[in-house]
Amino acid sequence: TRQTEETKGNRELHVKTTLRELIIYLVFLVILCVVTFGMTSTTMYYYTKVMNDLFLDTVHSGGGTFRTITNVNDFWKFAKKPLLNGLYWETWYNNENVPNEQLGYIYYENKLLGVPRIRQLKVSTNSCQVHDDFKDVIRECFDSYSENLEDKTSEVTHANYTGWTYQTESQLDGSSYWGMLTTYSGSGYVQDLTGRKNTSAEIINYLFDNLWIQRGTRVVFIDFTVYNANINLFCVVRLVVEFPATGGAIPSYTFRTVKLIRYVTVTDYFILACEFIFVLFIVYYIVEEAIEIKKHKLSYLKSMWNILDIVVIIIAILCIVFDIYRTIVVDNKLKELLDNPDKYADFENLSYWQTRFDNAIAIAVFFAWIKIFKYISFNKTMTQLSSTLGKCAKDLAGFAVMFFIIFLAFTQLGYLLFGTQVKDFSNFQNSFFTLFRIILGDFDFHQLEAANRILGPIYFMLFVFFVFFVLINMFLAIINDTYSEVKGDMANQKNEFEMTDYFKRGYMK
Amino acid sequence: TRQTEETKGNRELHVKTTLRELIIYLVFLVILCVVTFGMTSTTMYYYTKVMNDLFLDTVHSGGGTFRTITNVNDFWKFAKKPLLNGLYWETWYNNENVPNEQLGYIYYENKLLGVPRIRQLKVSTNSCQVHDDFKDVIRECFDSYSENLEDKTSEVTHANYTGWTYQTESQLDGSSYWGMLTTYSGSGYVQDLTGRKNTSAEIINYLFDNLWIQRGTRVVFIDFTVYNANINLFCVVRLVVEFPATGGAIPSYTFRTVKLIRYVTVTDYFILACEFIFVLFIVYYIVEEAIEIKKHKLSYLKSMWNILDIVVIIIAILCIVFDIYRTIVVDNKLKELLDNPDKYADFENLSYWQTRFDNAIAIAVFFAWIKIFKYISFNKTMTQLSSTLGKCAKDLAGFAVMFFIIFLAFTQLGYLLFGTQVKDFSNFQNSFFTLFRIILGDFDFHQLEAANRILGPIYFMLFVFFVFFVLINMFLAIINDTYSEVKGDMANQKNEFEMTDYFKRGYMK
Amino acid sequence: TRQTEETKGNRELHVKTTLRELIIYLVFLVILCVVTFGMTSTTMYYYTKVMNDLFLDTVHSGGGTFRTITNVNDFWKFAKKPLLNGLYWETWYNNENVPNEQLGYIYYENKLLGVPRIRQLKVSTNSCQVHDDFKDVIRECFDSYSENLEDKTSEVTHANYTGWTYQTESQLDGSSYWGMLTTYSGSGYVQDLTGRKNTSAEIINYLFDNLWIQRGTRVVFIDFTVYNANINLFCVVRLVVEFPATGGAIPSYTFRTVKLIRYVTVTDYFILACEFIFVLFIVYYIVEEAIEIKKHKLSYLKSMWNILDIVVIIIAILCIVFDIYRTIVVDNKLKELLDNPDKYADFENLSYWQTRFDNAIAIAVFFAWIKIFKYISFNKTMTQLSSTLGKCAKDLAGFAVMFFIIFLAFTQLGYLLFGTQVKDFSNFQNSFFTLFRIILGDFDFHQLEAANRILGPIYFMLFVFFVFFVLINMFLAIINDTYSEVKGDMANQKNEFEMTDYFKRGYMK
Amino acid sequence: TRQTEETKGNRELHVKTTLRELIIYLVFLVILCVVTFGMTSTTMYYYTKVMNDLFLDTVHSGGGTFRTITNVNDFWKFAKKPLLNGLYWETWYNNENVPNEQLGYIYYENKLLGVPRIRQLKVSTNSCQVHDDFKDVIRECFDSYSENLEDKTSEVTHANYTGWTYQTESQLDGSSYWGMLTTYSGSGYVQDLTGRKNTSAEIINYLFDNLWIQRGTRVVFIDFTVYNANINLFCVVRLVVEFPATGGAIPSYTFRTVKLIRYVTVTDYFILACEFIFVLFIVYYIVEEAIEIKKHKLSYLKSMWNILDIVVIIIAILCIVFDIYRTIVVDNKLKELLDNPDKYADFENLSYWQTRFDNAIAIAVFFAWIKIFKYISFNKTMTQLSSTLGKCAKDLAGFAVMFFIIFLAFTQLGYLLFGTQVKDFSNFQNSFFTLFRIILGDFDFHQLEAANRILGPIYFMLFVFFVFFVLINMFLAIINDTYSEVKGDMANQKNEFEMTDYFKRGYMK
């Protein structure tokens, strides 16, 4: 965007330069889109869905599924049937046995890498204080999970099973996990399953019979990774059941479908080519921006577009680095894994960073799209709209302050009034999002009414009246009024040389 | 807010004073928020949910749950399985017996305080008049519940059971309850269960076999309280099944999760410290307001802000008083209870007032937030918005009258037309809320259509046309128009000294 | 409203007269509301609901309910279990037998009046034409139902059962019924059940075994009436299963909860008193309007308010007449019925007219509410709003024409494109309502997409763009613009003497 | 529309001519509507629904239905029970056998034409590349379906069954099909069932026992056609189960209810008469437009109305041609079919074109409705609205560009961020539609939050803020502002002679 600056004086030259820049930019954008869409595919959703259906929606002997687990019993029912049946497919649908070399495939298609792992975290007994009145009656007490309350004692009676031995985060090469209730460390009591159904079932039954899950247990993880060679995708599965200090159980899960091996088919190599061009573009833009920074010094940061440029470039560089790193790591991991098929395959961390990487690149593309406006904004109608936004910015800011004070006051009120009863108000963020959704017309009035038959409706109607009717309409009034003004100003202004004029002239010649 | 008044003349001094007041006020607000958020926690919702899941969503032998009870049969099915299994956890999940000292815990974590209580209210036979035509055929008749129609006769044949003996409200130390259909008194026929499963099951079976619930029975309450020492929370549970005069049954429930014991952990004592500061603040504000009242006499009440101050102070005082009262009562109750573990633990009343107290303090915080506007309103953009509201107030009031006449006319029409068929129109309030929700786009057209295939759609479309299209748009027109006006006025006005100027000057010095 | 006219000259007198009239009118309105609300009660909804739950939501042996009937088999499953169990309650919940004098009560509370009746309508064989190509293969053909295609042949082989004998509408004293597919006559093949469970079960089994429902059967009705003496309400139940010519079955139902016996309790007699006052008011208004008509002749009809008066009066007279008629008929019917308890109790017709009567009175009350505007409209802010409506009426009418042509074009397009697949577009009215609901944000995009993956989304987006964005916003623009205009006009106008001035003066004296 | 052009000078004559043209046009429109509505009927929806209920919602032995199929096992469970029971109705509901001549009717009413056909498509083994690391472990690999990867090998071991023999598209006279995942060719492995239940069950069991569906199987089709003589409608059913390369199964279906035989009843012949009149009209309009084209040459295409005329005429001609073609083909097909009742009845293609034809005519009618505006637009209020649209077109276009860049940027961002987790964002189109639906208030916030707890809410709120609040309100501002302008202009303009004047004059004479 160097040249643009220098041509402010000569309108026609300015248009011409901008046009050239725009075309280069569009080529860059196309390359970027090709690279991004090359990384993803619609198959990924179906893969996630198939795994979801299999592990989350298969009915266990109590009539529920993983999603409906509400206590330890349900968890064991899930572990004994849907989990084992989902992991091990040892007969065809007509009950013939699957030949040995085809064992170890979920749905006969998805190779189970290594063995699945079950891990739990406990808090130690009497990790919390009991009130004096109750001290004689309640002798044991287990606090909510927090890393420093972790139980680290190991039992030695279960010789053949590792499930009663505490291992630290570094021993397990684990990482912490953000659950529904809190963040859990990567350490804990680990029990790996095996590659066959009957031996795995034995392990699960042993854990069940010996009360592996105890009062102090706060979370259980089930981890495994599958690889589908047909479509060259990994799915890293983590099923989590949290056991809060209230009793009961809260299930959650992550299914990360990632493309850890990038270059296999012909299309993949075409993407690789695009990626090289992309790197060249990035180098070109780095140089350009460097020149600009040198020239304008601090005032460089005053333009929103320049900051956008910097952000996009930084994200791009990070992604390129990660891409190389990933290729190396995956290769090593796979080689090691295929040599020891009975080891747990830990792709948790890698898949986590891979999704972060995907997100980063998605955001970069978003910014790249937005930057189109830089080139388009000297068309007259466009200017009208953007200068409307610019002009009412101050009013909108004032409005926003007012809006947010009221909105936050309502958020807090909602949380305090209904927080113990209604999920949508059970914490501050939820309360905030819920009120936001009410503005858009997505709400459940009946649960508010059920939580408090008098304050519920009053709260709801006050909120809707003040925020939906008064404030939103005022928002509209601000924009409406400013638009009229801007349009009036524009009408008086003399017409500048525009891009459309440029095209018209070219056409007439 | 004393000083503010006196400085109207000197603009700069005024700004300075206001700023000082604002800072003091913000400190107060922070303390208030700390105190409020210290009383609550996101764990409370999970506690309610865990109890909900256990008692409301566990399936009974007929395939339904507590929520789906529609007749006496369903009630007994619920009482025999999900209720008893939910209350008494006497084996671990692998069917080993729980040791004796760990009995009496729901989910092995939540101590059942005292014993659960079952209570019913009946109306006496022939509490209503039968029409002459039917007198020969219909010999018995039981009216809808009302306190003066209560059946107070006791049967003596069931020697070992209290369930057939009427006890008054004062004997039971009870209080009245607002159910789905009407308000019930605190008296009735009471049967306490025991602390063990098999004896409780015997009691329930005896009640079942001897037709404890009769034609005259109008409501059955199941009451108990649990205490979780891990998170120091009580959950006061009341399950209600109403038997209307129409036959059938209507279930409802309250789960009040409350923190009756306040000061146990270190954090709790930090909150206590904040509460002391809070009390000091309240004293300070009381003095200040007293001075102002003395000075301005009646004109004091003319300012909206002053009234807000008074309201906040009164709520604060009430809360402080209740806080002290609660601490004493809970302590006594618990001591008594731990001495007689076979008595019913009546926390119903206490938890009721505790939630009232929580609500009161929540509303006080809301008002405290709103008061920020007092200090913020002399920024120009703010004034623009608030004076828009002020200026269109008269028009909006006129509009509101018009709106409400039409709205009420529609409410009544909806109630009369669809009230016998559609739940959302089954009484005047519901009808009102339903129409309000239609404006926001949350409605069920099909049930209106099902209730009346011709009038349903016509009613719906007329309402939407008049209220949604015409009136709401007129509302918008009023605000829009007034905003333009106010903005025009402001533009002509000379700029007053503003808070931003104050900061700018400070910066330049 | 006589006096109002004559006082146009003297503003003050005019206000005074209007005020007096307003007060009289408000008294009338209060009486009217008392009468109306006296007729209804919130218990009615619960009664309907209890009956609904019992007959529509009880599960049959195939796992479905009445609502989910999709073929003849399901119908018989429903008839054999939920129907019989719902109608006959011959044991208490603990399986003891109910004493004889308490038999015949649904839920032990609701007297089954007379016996239930099952009725079917058939079309005759070869009621339709088979195309030449198929004539050799398809020998029998049964058209969709229409009264003139009815099968009227009776079979004589089933001596003890009336179910195979055709009876005409006058023999049965029946009336036609508007079903989901078409309107059915009141004639048909009728089989009454009995008052006891086992004999009724025998009848149903006999019908089942002898294929009572045949290929020609187009509809089956199950009719009965219950009376609850506790709350003095009738519930007239009709369960309908239509068997369309396509095969399969479509269930529907009506539960009419009506108060056929009006005066039993003390409150009822208070209502009666109000009804007398109401009659007096009506006489007063009739006289007044008669005078006005005589005076103004045809120009009387030019005022919207006068027409409203006429409508309200006519409805009132009709209701009074019906009220008297109903009281007589019900009395006769009940006497006859209690003498012959084994006869079918036909309240179908009476309850139909009773609900019509309730609706009529509801609409009258609505109009009465609206008339308040007549008295209120000379307040200034009110005038502003109503004259805005008046002024933009012409523009809105033009807009409405445009709107409806586009709307109908879309309605038709939707019906033709998606009618065979999507319920919401399955006929013209549904299509119309569905589009209307889309404007309000209540729609199911996925079913449109499923019906046609290309045209569905395009249709939806075109509709939303043109109707929701362009037209609705234009509507808003019209109102907004006119409001500004009117407000401008008003500001210039000199203030007239208003009602508020009147009060102010009264206050100052 | 010839004459209109020539009368621009004389306003009165112009109105008169237009009026005459309008009347002729309305006659045309009525005829067109009669023809269109004659082709369809509300019965069609019920027919589709009955078939839907029977095949999609009947529960199989695993507790699921066709809709809930998620793997090969479920498919076989469906095929063994709901499919066979749905196709063959060989006993009455009381278990008596249906007489032989009435066999072969679904629901005893719908003749199954020919025999049902099951067809599958496979991909060949090792149709994809396995990454080097895995080559030793994963020996077989089956790519996603694509026509050139099809497995075309036939097995000879199953002598009596055609299900293992590959047949090409031309051998099968098939056509390609657009499934949920991709487009499938018309070739494959075909197995026809028979006309009786037991023999068909044998075939299905044989296929099941011999693992007919293998790892390479990518899709299975079940095809059959039923004809209901009562209502003269065909229903062409195709049930599809796709087996993606991820494992698992995705069910889909088409039920095409079509009226292939047009002229049977008296009403049909009335429609035929209308169709003749319609043809005459089309001829008339063709001539007229031809004259116009000759006169105006290229400038003819400048008028939007002329293009509309051309489009309607072309569609009409296509429909007429197809109508004739269809009549001939159906007749031949039926004759052939009734001679060989054991052959598969292939109506797939015909019904496909029939629905295309129905859609085409529906769109033609839509355009015909829109054309009314041509005649109506010289009424003043109308002009106001349409010139508002015209005037703000340029601004709206500029706005639209801006809107779509932002909208597409959000679409892409949504797809990349949530595509692997959330169905609504699983591909670009879905993502686009989902964002569109968010604007209308139809969204599922919780699934966004579940997919990404941080980016989900941020993305949602940014989108709503920028697109819903800012852009939509700007849209409104544009229309609002332009309307005020246009109305101002109009007020100054002198009144032209209008259609209403014409009527007024006629009335005065």
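To keep things simple, chains are lettered A, B, C and D as they appear, and every chain counts its residues starting from 1.
The rule is short, and it goes like this: contacts are C-beta pairs under 8 Å (C-beta built on N, C-alpha and C of every residue); 3 or more make two chains touch, one makes a residue touch a chain.
As the structure is a computational prediction, the values presented were derived from the model and not from experiment.
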If a chain touches subunit A and subunit D alike, it appears here: none
Same-site or different-site touching of subunit B by its copy subunit C, using the half cut: different
Angular offset of subunit A relative to subunit B [C-alpha, multiple of 5 degrees]: 90
Chain whose average C-alpha position is farthest from subunit C's own: A
Rounded Å distance, subunit C centre to subunit D centre (Cα mean): 35
Inter-chain centre distance, subunit A versus subunit C - centres from mean C-alpha coordinates, in Å: 50
Per-residue multi-chain contacts in subunit A, two or more chains: 441, 476, 480
Chain-level touch network, classified as line, ring, star, complete or other: ring
Which pairs of chains touch, using the document's own definition: A-B, A-D, B-C, C-D
Subunit C partner contacts - residues on subunit B that touch it in the complex: 63, 70-73, 76, 128-131, 133-134, 136-144, 181, 208-209, 211, 213, 215, 244-248, 250, 394-395, 397-399, 401-402, 405-406, 408-410, 412-413, 415-417, 419-423, 426-427, 438, 441, 443, 445, 449, 452-453, 455, 457, 461, 464, 468-470, 473-474, 476-478, 480-481
Subunit A residues touching subunit D - in the complex, by the definition given at the top: 33, 36, 40, 42-50, 53-54, 57, 59, 92-94, 96, 101-102, 106-111, 178, 227-233, 255-257, 261, 264-265, 331, 334-335, 338, 358-359, 361-363, 365-366, 369-370, 372-373, 376, 379-382, 384-385, 388-389, 429, 433, 436-437, 440-442, 472, 475-476, 479-480, 483-484, 487
